[in-house]
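Structures follow.
Note that chain A is present in both complexes that follow, paired respectively with chain B and with chain C.
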Partner chain A sequence: MIDWGAIFSNAAVELISPTTAAYALAALGLAVHFGYTGLLNFGQAGFMALGAYGYAISILSFGFPVWAAVVVGIAASVIFALILGIPTLRLRADYLAIVTIAAAEIVRLLFTTNTFQPLTGSANGLSGYKGGFAALNPIPEGSYGFGPFQYNAYDWWLRLVAWTIVVLACLFTWQIMRSPWGRVIKGIREDEDAVRALGKNVYFYKMQSLVLGGVYGTIAGMIFVLPRAVVPSNYQTSLTFFIYAILLLGGAATILGPVIGSMIFWVLLSFFSGFIARAVEAGWLPFMSSIQAGQLRFILVGVAIMLIVIFRPQGIFGNKKELAFVK
Partner chain B sequence: MLAIFLGLLFAALTIATFSTLSAGPAHADEIGTDQYDYVLAGNVQFNQKPLDGVLITVKGSGYDAQVKTGVDGKWKVGVPEKATYTVTLDETTLPKGVIVAKGGSVIKAEFGLTKVKSVNFFLGEGTRTTVSFLDQFVNRFVNGLNFGLLLALAAIGLSLIFGTTGLSNFAHAEMITFGALMTLAFSVYLGLPVWLAIIIAIVLSAGLGWTLDAVIWKPLRRKGVGLIPLMIVSIGLSLALRYLFQYFVGGDTKQLPGAGLAKLNFGPIQLSPIDLASMGISIVVLLAVSYFLLRTRIGKATRAVSDNPSLASASGIDVDGVIRIVWVVGGGLAGLSGILWAYFRPGVSWDMGFQILLLVFAATTLGGLGTAFGALLGSIIVGLFVELSTLWLPSDLKYVGALVVLILVLLLRPQGILGRKERIG
Partner chain C sequence: MSSDTAPSNKPVKTTDLHIGAAEPGCKKRDPILVADGVTRTFGGLKAVDVEHVEIPRGAITALIGPNGAGKTTLFNLLTGFDKPDSGSWTFEGRSLSGMPAFQVARMGQVRTFQLTKALGLLTVMDNMLLGAKGQTGENLFRAVLPFLWRKEESANEARAIDILTRFKLDTKKDDYAASLSGGQRKLLEMARALMSEPTLVMLDEPMAGVNPALTQSLLDHILNLKTQGMTVLFVEHDMHMVRHIADWVIVMAEGRIVAEGDPHEVMRNPAVIDAYLGQHHDEDLGADPTAEAENVVAIKELLE
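== the complex of A and B ==
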């Protein structure tokens, strides 16, 4: 018989998991790029990888304190954004897409290669960098919580920090998009030439947007690796696609869309794969192996991306008048 | 800023080259064994004496690892899946006067029933015959040409589709994989002769192109969906199809019949009969496509639509019909490219198309988006670059070189080599 309680509590746990927070923040970065500015950044996985590796390498190889490691990661992503932006922001949208996707792959391959193995751990990745972050934890030892949300002090600390950052980023993005700067940014999305005619330096604004969203991605990358190890194969192009799925689900040009989208994405994914895995075990789906059951959810994500874009391009929270898609 | 970036980049690449020569990977005789279930292991000995610090490289199905033998001469590499791996012993790390005597320094290892496969090299006394740089260069050049030609088959289809519809089709990767998978299905699973399986696979691939256009892209064009949403739909489609393939064929790599044929020597050039056939087929098909585009009525119509769809439509060309033909041709070419790629890698796996998708994009962008002959030129440049760069770069960075070139070209000549300036808008 299927254990529905376990399926539901596993799904509920995803609601506040640090991974959900990391994806929400990365998607918020993409909302700044794609939703508000109209930049097709397909290299968010690269920004996340820079955050993860920037943080882990600073601590493991150079013994930096936590704050300095965070600064290193952010600095790396700012430089990366500048490198990407300089050649491509003057070009058509799909060029930026191809260049960012290529640049993210370059980043991943450079982290995967054996050549820099002492620094990056090549294909095996890195671990053992959590000490500094755990030492900052003010919560006394012990286990807290209710229902399925039962964690030890480190896990609560991690969730607290992760979601505080997400909330702050949301507030900041909300304010900045209401400001004159935000109006110029949205103007660029709607009609670049019109904004240019008003005497604004479009290139400069686009660059600022690219840097801001990239920094969100980088911090998301750091949150992403705090509950696990840094593994280079996590930063494949599919990661960017999943974040796009979240963004489109919630609504590209919204603040809450990426956050709620990430929650829905992870809860549904956990529920679905939990259900299928147990249904296979229980013999309800005799034609399917448990490995195949695990792949089913990726097929579902792909189909979901297609359906959302075709039938509800503004996402759940988006406004049809403010369609994010540039022509 | 840019100068600094380029400086850093070249510095990184130089460091990359030098550190493989001198330091290499850290002294670990086990890699990835705690991470993966399947293990390749061996013991490097000469006259019953273990050899220390011999570099072993394991490659295959998208995985790549290096390990040095320990003091006891033993090494172990964990690998992610049950597939065929190429294990290479770096002869330059052997002590003086010791060479690989029998069987060569490259061994293809395939797992049997167990999770551990032992790979041993037969060492003997002797002096190494080193391959001169020029010979290596020529050999790599021919390999690169072969790779470039098979990329071109996929790239021309992608470029024609982009030219006529404006769609950057990410699902092209899965059209490439589809050709190889169908060949595998008909030759290995259904036992048909390989040539027949290939023909069936190409026809089915063309059919896939037709189906995708009929079921997805034409209705979306009718609906007036913009180009960027279309591109995202193609990404969703790519993801769904890729995992659908994995759902049916699993995550491991399988070989097509005749994949392991011995190489023939033509002076310094080593090619298997399959490589020769692959190059021959590519050239013939590319010539046929050129003839189609330049001389036939439909080909001219295709180029007209590519140039200016509304003008073409106004002069009586059936734009939707042309686009349908482009999808069919593009699908067939992608399928063929996938089959050749399966022999080149070698092996068939669910994500093989996605592995070269970026190179195909790089090739089309390099040549000029939407220009068929630019795609051909771009592909050959990318193919040569990928293979030749292994002369200086470690082989696990060979795609990096091609992608860096893509970014540099966009910097200097954004419209691509054969593209026209107006296209970049």
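== the complex of A and C ==
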């Protein structure tokens, strides 16, 4: 019979996992880009890759301390945002989409190529960079927790740091979006020529937004690799699409949307994969092999997202009133 | 209904604006905007070819001309929304050539658009606040510290309420701009432009698509701008309106300025009649009996 307890506890674990936090933060970055500024950034995976590699390479190849490795990752993403933004932000929105999707792929392929093997580890990626972060852990050794949330000191430290960053980023974003700065940003989303005619340097604001959301993505990339290894194939375009799915699920121009969206996404994904795998084992789905079952969860997630976009396009936290005026 | 749209008060015309004969490119006593040799081509079409033009300060100037005369293109060039092939222009004695649109606006030359650009998913109040210039909180780092900009923000809000009350939009301040009617959006766009305390207001077809009931109130608002010491330059097709409120009229046709003068004189100018009749035999040149008579004669001649 199916072990429902295991399925549910595995799903519940995803609620506070560092991966969920990483996706939430990356989605918050996209909310700044797409939801608030109207920038179609399809290269969030590239920003995450820069964070992951920037952090890992700084520590492994150059022996940097943790804070310096974080600074290197952020600096890399700021430069990346400038390179993307300078030629494209003057153009129409869809050009940015094309350029970012291509640039993110270029970043991933550069990290995959054998030429930089000593630095990037090529297709095998990198590991063994967690020592510095673990050494900062103030929690004494041991296992803590309750129910399904039972972790050792490192895992709790990682969750604590990851979610603290997410909360701080949410508060920061909430504050700037209700300020005059956020008003200009939202104005640009609605009609940038009108904002320009009111004396605002639209190009400069779009650049600030691109850099800010990109930095969120980069920090998310660092959180993402702390519970696992850096593997280049993680940074394919599908990563960006999953983050868009989370954003649309929660609500594009919201603060809590990306966070709750990420929790729902990962809990559902874990639930589907646990359920299908066990259903196949139990012989409920005789037409399916266990390998096919592994793929089915993404199909189900895709269907779920389609249903949300069709029946609740503003997302879970989006303002229903906005929907009355679809352009 | 017609009594509502009749002028409530006879507008006070500003006269004696020019030096010498009222001909294309004539000198003004006190020009606020001076343009020289401005050209813009789209492919083989010369959309704008203006040798010299001066816009008088403290007056309402209308820029008229048939469709495709280059009025909006000239507007775009003067406000930095488009780049000319050649030419230079100054605003209050400072050169504006090659200056990006946002800097032009900061200097006090604010425009509206032919297709209204209300920021739909922002509230009416946010639309207004966006118009205020030099806000401390528009800097990303200072935006995080509300105590730096809260006072300025409430001052701006008070000013916005004041302007919105004048435009009878104050009850709508918390609604999305997208929920306003077309005419109300025009009003909002004009009100928003006023938030930046401009010296020159450039209105691109302020009456396009506006319900006749709102026309009079819009006209009064434009006249009020002059009373408050602002200069107005507007593009318009409606000759009745031009005759009613404009102090000076500049007529464009095929990219050139073909006539200038006060509204009553200019409509009798043969070049203007040619410009309109050349393309629009049925164009209404306004209810001026003399002009109308000439109009009829000209049409008869053409028909024969």
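By our rule, the second predicted complex is superposed on the first by the 317 of 327 C-alpha atoms of A that agree within 3 Å, B and C clash if a C-alpha of one lies under 4 Å from a C-alpha of the other, contacts with A are read in each partner's own complex, and residues count from 1 in each chain.
Keep this in mind: a contact is a pair of C-beta atoms (placed from the backbone, for glycine too) under 8 Å apart; a residue touches a chain by one contact, two chains touch by 3 or more.
Bear in mind that the values here come from a model prediction, so they are computed numbers and not experimental data.
*Asks:* Touch check for A:D191: first (chain B), second (chain C), both, or neither?
*Replies:* A:D191: touches chain C, not chain B.
*Asks:* Now for A:N114: first (chain B), second (chain C), both, or neither, which partner does it touch?
*Replies:* The first partner, chain B, only.
*Asks:* Contacts for A:Q175 in the overlay, against chain B (first) and chain C (second): which applies, first, second, both or neither?
*Replies:* So A:Q175 only meets chain C here.
*Asks:* Of the two partners chain B and chain C, which one touches more residues belonging to chain A?
*Replies:* Comparing touch counts on chain A for chain B and chain C gives B.
*Asks:* Once the shared chain is lined up, is A:V167 touching chain B (first), chain C (second), both, or neither of them?
*Replies:* neither
*Asks:* May I ask you to decide whether A:N201 touches chain B, chain C, both, or neither, giving the answer as first, second, both or neither?
*Replies:* second
*Asks:* Which partner does A:A134 reach: the first (chain B), the second (chain C), both, or neither?
*Replies:* In the superposed model, A:A134 contacts neither chain B nor chain C.
*Asks:* I'd like to check the shared interface: which positions of chain A are touched by both chain B and chain C across the two complexes?
*Replies:* Chain A residues touching both partners: 325, 327.
*Asks:* Report the residues of chain A in contact with chain C in the complex, numbered from low to high.
*Replies:* Result: residues 172, 175-176, 179-184, 186-187, 189-191, 193-202, 208, 212, 321-322, 324-325, 327 of chain A touch chain C.
*Asks:* Given the complex with chain A, which residues does chain B contribute to the contact?
*Replies:* Listed in rising order, the residues are 1-2, 5, 12, 15-16, 19-20, 25-26, 31-32, 35, 63-66, 168, 220, 223, 225-229, 231-233, 235-244, 246-247, 250-251, 354, 358, 361-362, 365, 369, 394, 396-397, 399-400, 403-404, 406-407, 410-411, 414, 424-425.
*Asks:* Under the stated contact criterion, what part of chain A meets chain B in this complex?
*Replies:* 40, 82-83, 86-88, 90-95, 97-99, 101-103, 105-106, 109-110, 112-118, 122-124, 237-238, 241, 244-245, 248, 291-292, 295-296, 298-299, 301-306, 309-310, 313, 325-327
*Asks:* Mind pulling up the chain C residues that touch chain A in the complex?
*Replies:* 79, 81, 100-103, 105-106, 110-113, 117-122, 126-127, 129-131, 133, 135-140, 143-144, 146, 149, 153, 176, 178-179, 189, 192-193, 195-196
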